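Read through the structure below, which is laid out as structure tokens, and then see the notes.
Letters A, B, C and D name the chains as they come in the text, with residue numbers starting at 1 for each one.
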Amino acid sequence: MMPTPFNDKSEIDYDSIDKLIELSIKSKCYGIVIMGVMGEAHRLTENERNDVIKHVSKIVNGRIPITVGVSGESIEIVSQRVKESNIFGANYILCSPPKMLKTNESVLLEFFKGITKDNHLPIVLQDLPQETGVNLTPEFINKISTQVPQIKFIKLEDPPTPKKISEILSKTSNKLGIFGGLGGIFLIEELMRGAIGTMTGFAYPEILVNTFEEFKKNNINNAKSLFYKWLPLIRYENQQGISLSIRKHILFRRGIISTPDTRLPTPSIDEKTEKELEFLLKDYQINN
Amino acid sequence: MMPTPFNDKSEIDYDSIDKLIELSIKSKCYGIVIMGVMGEAHRLTENERNDVIKHVSKIVNGRIPITVGVSGESIEIVSQRVKESNIFGANYILCSPPKMLKTNESVLLEFFKGITKDNHLPIVLQDLPQETGVNLTPEFINKISTQVPQIKFIKLEDPPTPKKISEILSKTSNKLGIFGGLGGIFLIEELMRGAIGTMTGFAYPEILVNTFEEFKKNNINNAKSLFYKWLPLIRYENQQGISLSIRKHILFRRGIISTPDTRLPTPSIDEKTEKELEFLLKDYQINN
Amino acid sequence: MMPTPFNDKSEIDYDSIDKLIELSIKSKCYGIVIMGVMGEAHRLTENERNDVIKHVSKIVNGRIPITVGVSGESIEIVSQRVKESNIFGANYILCSPPKMLKTNESVLLEFFKGITKDNHLPIVLQDLPQETGVNLTPEFINKISTQVPQIKFIKLEDPPTPKKISEILSKTSNKLGIFGGLGGIFLIEELMRGAIGTMTGFAYPEILVNTFEEFKKNNINNAKSLFYKWLPLIRYENQQGISLSIRKHILFRRGIISTPDTRLPTPSIDEKTEKELEFLLKDYQINN
Amino acid sequence: MMPTPFNDKSEIDYDSIDKLIELSIKSKCYGIVIMGVMGEAHRLTENERNDVIKHVSKIVNGRIPITVGVSGESIEIVSQRVKESNIFGANYILCSPPKMLKTNESVLLEFFKGITKDNHLPIVLQDLPQETGVNLTPEFINKISTQVPQIKFIKLEDPPTPKKISEILSKTSNKLGIFGGLGGIFLIEELMRGAIGTMTGFAYPEILVNTFEEFKKNNINNAKSLFYKWLPLIRYENQQGISLSIRKHILFRRGIISTPDTRLPTPSIDEKTEKELEFLLKDYQINN
């Protein structure tokens, strides 16, 4: 999950984007996701969106697949974003349900059929009830992924995620690939429940990747000890409201992005929190 | 508050827009508001937004002032909308606070200063806590309208509105013009508390205008009897979730718009609700 | 729906309760409901609860049926309230789902089975999503009323109520009696959709009763014209947060209760709202 | 924070309570808190409440101070709980604001003045916005603790807690003692920001106590390494919705309580989650 870096005028910083891409590739991420919630997609203009997608596509140049977030409040908005993402080089699209006052399953079916009418890119359905107000049951996830076959993956952010992974896999006969989310704080449990990976942000993506690789090689103890070593920081990053600001501060400190700024009204961390973060980071010897 | 009409392909129907404009002018509305929540602004692409603004501006051609909704989730998005609205002919802009997990007054001040840096159009601040999560106290409304002098009006949708009108007028020494909202269901009380009008939607805008005119001429009893006559319908239109669909059905039935369609996931009314509406409308003899 | 009257020390005022009971009987209400949300049940101690139930039962003395609200956050709390209500003379009980972070239908089934294990009083299930967080679909209402046969009625407060009445009646093959709610503001529509009455508060219960009687006699126009005459006041009473305070002020002004006080933190109306209410009430000639 | 243990009939299990008390004392907890949210206070009848308070008081017998949760939806309910808690042996009371649709500071002041009129026990004010809907600013915390001098402590559960601790201490000139909460997941940061301890639940309270003791002796590294060793489990316990069920399963497995049961509708963990927990617990060698 790539954050969107800004310069000190709050404009998009393309040099920092390039460094973020190289970090992802060097970290052996299986893919890159742009225009997610933590990418501040909802704080970018449509022109900025498209410029970033084009730029990322050019720089990545086929080295790893690109997933583009397209969530929006109508079929028309999402369809246009899907179309543009496709043209500009997306390999997958990430889409949550639109915001609803009450979950309406027949409207959701119609919505996802609408956005896939002229689109053949595979979809990652984002299960994000705290933002959308939409409660997706495992039964309905099975139904919608049967009727809308482009839905091939779930990005799961409906806690407790480990339990829901087992339920979805059971109801869908394992036909969907499930990614964990929520900052990776249950990565080990998610993998053990059958997740095919995690699609989440962390200022040290290499740690999530390496944990995953150890797990895949069946070195559960290595996976656990690596993950647990970094858990204090993963936990610290996951603070309500300020998680993106913390992540950007670490990336800034790593020399990858040029400022730690987020766009208002996303909260920034104060000086004391910065010092607290510095103190915590001292525990980690990292070569960059 | 102008709804956005769609044809049967869910595309914007410009002929219907023209008829809505003429209805507003014929009804002697003091102005027209486009790109509000009930205008389904959040369901339009940026291109559609801009095309509608340009078209409305051309057709209105200075006959009444145009207010354009520009609410968005960052200074950058709102600023771009303000800039475009200005170029395309807006006279006022309507803007709510961005969505926030917790009301943060200093961030709100910074936000509204940010969006007015290069803009001199007067602002209608929309107080809409149920959508934004932001609680605006009368004290803070006074503070922000002092520090951001472009804020000259409030569109009030924080119930109970009559009480809050008195509180805001008292705290701001009457320097702000307050419009009622929430479908006009408290129009009489809002006017008596000192509102300068209402900025809300109703399928018969002439009724709200005529009520206001009688009130202004100090014919309170005429204002009340006209308003009360229409209250059953105003109430009926104001049903949670389906109010826009009802409004569009009436406008469709009046021959003003070509379909009553809303964009998903806004709920549509079912056949029984349509019949119920027909039954209610029989009580009103209207010459069109 | 009986409010709970307090004296100027915020103690329960039993003389006022007696007058409220006589008002209900004189108004030809079909029953009386105590310990509802508008009865401030959640602001009474358990001793106060029980004292009120006993007192009401004694004074009513079988003249009209008594429904007692028993909603609570565990099977144990509700069961004890059911047991006590039964002993003290309740004829029906009113119970909403317990508060839930996410609607869990199997837990709801277990909950209602639990509270009916040793209880044979008929249950009015209150559908109140805005308080409970629980979304009851018509399908699930059919299922739970089949598996928990004591559930014989629904008090519906999930807007838009007219539409949901049709849906529930259709899914349950009309086996449930549905009452409208939400202050009676859709009483006519609710009756036309098949509601068997309304279970809601209004400071002039006789108006709701008379509207219902005219409707039952098939005098739809009489029902409508009576209801519409009072709609301005019904609407005014239904203001978010202050509706109970307004209702109590009217009952106080009618000489039925000795103070208009609610218990904190239920908001009270201010002086300007009182004057506004006085002004509105002038339109109604009422002989008491 | 003591959970309330139940036997297999969902009745309160007093033998298990005795063991929980001895665990607290043996773990060198500075006090014991009963009738908190995690004590399922809202799922107990008033009689059960009082029986538990009396029993705990008798068994503790002055060995450590007892804090009793008294939160409720009116001054009358809370006052009665305060009175009974006092009689039955409470040393402190824990009280959150009542639930409110909108934060109203003047009503909050009146509420807390009301509950302290005849009470001299020191109060721990619980800042719990996700349950109460009440947003307490550091400025208002200063104001209310000045006007209601019995408020001597804050139990802070408004994330991010480290930042808010610094803000409250700054605005209140350090006159309040602040306890962390939220499962202890930010214990180290909370202590470093000036918290005087944590008031939260964990199935191994001795770990939180020992971390605190090392911190107090200025052995920050010891504190951190102990805390970090247990962080995977603290994190695991803190899963939305099922945290209490996990905690009770561990206490059950430790032989301290006779069943892991919670009362409906609190969710229980399923079999797969139990196995997952077993797997995680293998990493911890604990001698009991």
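FYI, contacts are C-beta pairs under 8 Å (C-beta built on N, C-alpha and C of every residue); 3 or more make two chains touch, one makes a residue touch a chain.
Here the structure is a predicted model, which is why all the values come from computation and not from measurement.
J.: With one step meaning two chains touch, work out the least steps from chain B to chain D.
T.: The distance in steps between these two chains is 1.
J.: So what angle, to the nearest 5 degrees, turns chain B so that its CA atoms land on those of chain C?
T.: 180
J.: Going by the touch criterion at the top, tell me which pair is linked by more C-beta contacts: A-D or A-C.
T.: More C-beta contacts join the chains of A-D.
J.: Between chain A and chain D, what's the gap in Å when you average each chain's C-alpha atoms?
T.: Between these chains, centre-to-centre, one finds 34 Å.
J.: So the centre of each chain is just the mean of its C-alpha atoms; given that, what is the distance between chain C and chain D in Å?
T.: That pair's centroid distance is 36 Å.
J.: Please report how many Å separate the Cα centroid of chain A from that of chain C, as a whole number.
T.: 46
J.: If you look at chain B, which of its residues touch at least two other chains?
T.: In chain B, residues 102, 240-241 touch at least two other chains, as defined above.
J.: Provide the residue numbers of chain B that touch chain C in the complex, in ascending order.
T.: Residue list for chain B touching chain C: 159-160, 162-163, 166, 185-186, 189, 192-193, 224, 228, 231-232, 235-236, 239-242, 269-270, 272-273, 276, 279, 283.
J.: Which of the residues in chain C come into contact with chain A in the complex?
T.: Interface residues on the chain C side: 102-103, 129, 135.
J.: Residues of chain B touching chain A in their complex?
T.: For this pair, the touching residues of chain B are 10, 40, 42-48, 73-77, 80, 98-102, 104, 107-108, 110-111, 114, 240-241, 263-265, 267.
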